[in-house]
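Structures are listed in the sections that come next.
The following pair of complexes shares a single chain, subunit A, combined with subunit B in the former and subunit C in the latter.
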Partner chain A sequence: MRRAGGQAAGGGGELSSAGSARTDRLPTARSWSGAPDRASAALLSVWTLPPPPGAWPKSLWLDFLRKATPEASQLSNRTFGSAPAPTVSKLEDRSDFNDEIINEPLKHSDFFNVKELFSVTSLFNARVHLGHKAGCRHRFMEPYIFGNRLGQDIIDLEQTAAHLQLALNFMAHVAYRKGIILFVSRNRQFTHLIENTARDCGEYAHTRYFKGGLFTNASLLFGPGVRLPDLIIFLHTLNNIFEPHVAVRDAAKMNIPTVGVVDTNCNPCLITYPIPGNDDSPPSVHLFCSLFQTTITRAKEKRRRVETLYRLQGLQAAKR
Partner chain B sequence: MAAPCVFCGPAIASRFFLGGRVTLAQGQGIWKPAAAELQAGTRSQILRLKHLTVVKTKKNVAASRPEKYTVDFIKKQIEEFNIGKRHLANMMGEDPETFTQEDIDRAIVYLFPSGLFEKQARPSMKHPDYIFPKQSAIQWGEDGRPFHFLFYTGKQSYYSLMHEAYGKFLDAEKRQNQLQAKDLQMEKTKTKDPIVSRWLIKEELEGMLAEKLSDRDYTRFIQLVERFSTLQCGAAEEEFLRRFRRSVTIQSKKQLTERLQYDEQGRAFSTSEGKRKSAKAEVVVYEHGNGKIKVNGVDHLLYFPVTQDREQLMFPFHFLDRLGKHDVNCTVSGGGRSAQAGAIRLATARALCSFVTEDEVEWMRQAGLLTTDPRVRERKKPGQEGARRKFTWKKR
Partner chain C sequence: MAVSRVETVGSVFSRTRGLIRAGVLKEKPLWLDIYKAFPPLREPVFQRARLRYGKAKAEIQDIFYHEDRIRVKFYSAYGSGQKPFDLFNPNFQSTCQRFVEKYIELQELGETDEEKLFVDAGKALLAEGVILRRRGKAKTVSWKYEHTSLKPQTQLEENQPQQVLQEQRSETHEEQLKGLSPP
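Presenting the complex of A and B:
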């Protein structure tokens, strides 16, 4: 699920957007169906054209082919248990609604203009580039590290900016399509801040003790027919004993895409959209929280405006 | 499900056995027609046996109940209950407006008399809030989005309470820092509650939040709220904290102090009774005296030759440092020598309460001087030598 860092740096031109030329294949927010879709949706954000045969591992190639055939279960929801999926409202049944509202943002590379929210200077001022000492360095974070100064690792902010833009864009698209976003962190210093951020966005937070089987055994813990999050945002990938948070692995198991701020001692492997950056300094975490909050609220506001516009257009057409 | 397996075990075994026979018959060519006949015969037999080997699974009654109770469903149930209550009141000839739950219970018992022993199996009519547990109300809307922002933690009420309390605590701390910076810090006025209060206990907190808590959660909550209360906070915060305090009525272990009576010479004395095992004692303690003790008209030295018993008599006076200051006259009956000594001790302690301050009475109570010893002789049980002693165990 994670894109190789080096390749990403090389294929800059293709790293355009979450949107591609595929129109009716990508599932709507409420119809995240089974295993292939999420992986391919994430991957298709990178690859605009199918690579030559042999360049890809067979499993991914098969996924791609499977995507080429129209899905029968477009409207299957990721609900669990015996309860049927909630009824789709009449508004969303119409295909023109689909085209205008859902698919329109996918045609642009930066529909929500997330680039303007930050800059390399602002990241630097918020001390996002400061990593841990060289001894704490994780092997897989080496591509993202610019260098080492007086024993402390410095994160490459150019790469961070690129990753951040992708992550914010993806986040905005998920919020636009009314997905459930869950903020996860286990750092007790920022628990209150993150819960406030989540509540102000209208999304959800889990900065407490993570009960085992929360995602994998959700129907038993919460009840049948519970809807799992559509995106998980990690402000801190590690838990209080410096091990990867269980939710990273569980989200990968349940095919939930993840966005995560990865520090130099974290493992970025299972995270869909890693953001290499500092997760320990207060200004850095405050900056990330404010960025996430702004993107999500912006995307939701956009959705509301587009829907009202569509409804007004519909009324006008009916009048005529 | 052991029983059905056991039941169908032999049947299945015979089925396989028959199947085996069929294949054997198939192998030999000359026997084909006979084999076919055998097959048909055995197949019908097999079919019959198949009928017999239907495994019966126990129907899970709990699971067949609707798992989620929507708000509309509960509302409808409440309406039906209220209408039913009015009908019942009319049936019983009573006023529907003032028909309480006790009246409903009585009416149901009258209309549907049941001889069942299990109280919960008898017919009853209760408000839906008591029948349908509150927790099974689904926590998410039509589109599947949960209502509470901490839904995915599992314990949303507890964590939201912690979040709220911590937020208030941070605000109070900030305000205090500001005041400190301006040197306007007021002294923390220790408002001693006239009624002593305590924090909620874990069961009370669980009831308040309608969620199960672990001991660690409860401890964390109490720690947070304790820290919060040490800060100087305004009226709103006090109100918030008061929700988690319960008043504690001081244990009224008030000893009934006897009235002082005065005899002909004007000496003050007090009388009281004491019991121990089967001994009963009645004691009169005079205020001023030498320390003489008379038991049943006889001096205590003669009545209680054993030192231990005399020490028991001495103990209340020794405890209050009034060894040679009171005269005691007592009558005792029943029990043995130790029981009589104990009874007199209890009686003298009770009598001394009227001569002594309240604090000393409390000390005496804490020392155990004012408590009747509840130990009595345990009865002998049949099949045993004594109350506890069993007969000698013989291996063979």
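Presenting the complex of A and C:
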């Protein structure tokens, strides 16, 4: 579904990955294609089967998960169903693969060269330094604030640059290791932009009403053996009543690391990699979205290249 | 998968590391190695937001420039700029900004008297074609307002604030009678 035949409909929420080593659930034979072992086929079959009686109506499911259309999922089911299981799972089980490919990027300080994507000047031009009025200031944002200009807080862009570099680097590494990334925001002005960004990355977004227990009660809402996101990115940490978004606390509960753009009225405590910056102006949010999209795409592209190179090397070695 | 759901105790990292050491969590999560290699600048530990008591205040400095003194004089004399601010243009210079630049130029040439600099900068702008309209009363009157008791020019100023105050009081009285909340 995520990388299904080029139709990357970046649906929101979590998927069940039956074939991954992370879950306890065995691959099921519930697939229309007749290929019981392939993870993706079983994956798709869960969403294209009619819902059991008593569950939510299908329209609600689709709204909730932000998939493109039911037809698209059925099409992708067809494309996956015919192909047999590729040798990807075998490749990942080898230990030297692990060392060379997965651990290698950690040894460099900036493997994906995220520093070149932004500068303090570009942040300034995108109005990232503008905070709210002094009365809205959150106590824990004080270290990140440079000063107060005639009542308006100005965020220290030197600190923002450092935090942004760490956050982008972390994001890139998670994407490189094929982690699931979820974009969360509750600001209605940028809902469309964020969903498009997520879809273009090939990742997920949840910019609608956050149902309680989505992470903490996931096995009940989605079924047993759900894979939760490996990283959550908050474009807006507050919800529409200026309270911290429930997902911040829930991610901390479920031990999921978070990256978040924190404005001067937000609480940065529970966010693993906060990025102090403006989350209200359109140029600022557009800049952040483009930065996130570029890093994630770059990291995935790198991973694809490294894997092909590795496979080619393996073939060459086998020939000799 | 074993999870520790106590978000108030330590950071996400410390809890997961603890679970792995104890042997409860068998598989390492994806992000643990990345966090170890690139930790954030501050460990994301939960903190309770406590109120400040007494005279304790935030240590955030106000941002003021030397040009602000010149801007104060300009705005008190001429009111808000004749030309509207064009915020779409990143290199836009308002009337006030041009005035400030002229003022600084003249200051660097060696002048020291503030009033003279002010007048000269105004003249220089007039020469460029920018017309500056004085706001209401002249600024010299407002400066001497504190020292004098009765002057024909200042009497007008005295009456106006009194009238304004009286109007405000009558307004609030009316609103209270009508039962409306004050703005």
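Points to keep in mind about this one:
Here is the rule we go by: the second predicted complex is superposed on the first by the 232 of 320 C-alpha atoms of A that agree within 3 Å, B and C clash if a C-alpha of one lies under 4 Å from a C-alpha of the other, contacts with A are read in each partner's own complex, and residues count from 1 in each chain.
Basically, a contact is a pair of C-beta atoms (placed from the backbone, for glycine too) under 8 Å apart; a residue touches a chain by one contact, two chains touch by 3 or more.
Quick caveat: nothing in here was measured; it's all calculated off a predicted structure.
Upon superposition of the two complexes on subunit A, no clash is found between subunit B and subunit C, which fit side by side.
Touch counts on subunit A: comparing subunit C and subunit B, the chain ahead is C. Within the superposed three-chain model, A:Asn267 lies in touch with subunit C and out of touch with subunit B [touch as defined at top].
Of the two partner chains, subunit B is the only one touched by A:Glu203; subunit C is not. By the touch criterion defined above, A:Pro283 reaches neither subunit B nor subunit C.
Of the two partner chains placed by superposition, only subunit B is touched by A:Pro229; subunit C is not.
Of the two partner chains placed around the shared chain by superposition, neither subunit B nor subunit C is touched by A:Gly213.
When the two complexes are laid on top of each other via chain A, the two nearest Cα atoms from subunit B and subunit C are 13 angstrom apart. Shared contact residues of subunit A, touching subunit B in one structure and subunit C in the other, are absent.
Only residues 30, 77, 79, 82-83, 86, 178, 180, 182, 192, 195-196, 198-199, 202-206, 208, 211, 214, 221-227, 229 of subunit A touch subunit B when the two sit together in their complex.
Contact residues on subunit A toward subunit C in their complex (touch as defined above): 21-22, 103, 106, 125, 134, 137-140, 142, 145-149, 153-154, 162-163, 166, 169-170, 173-174, 177, 179, 216, 230-231, 249, 252-257, 267, 269-274. Within the complex formed with subunit A, the residues of subunit B that make contact are 67-68, 136, 138-140, 142-146, 149-155, 159, 163, 166-167, 170.
Residues 1, 3-7, 11-13, 15-16, 27, 29-31, 33-35, 37-38, 40-41, 44-47, 49-50, 52, 58-63, 90 of subunit C touch subunit A in their complex.
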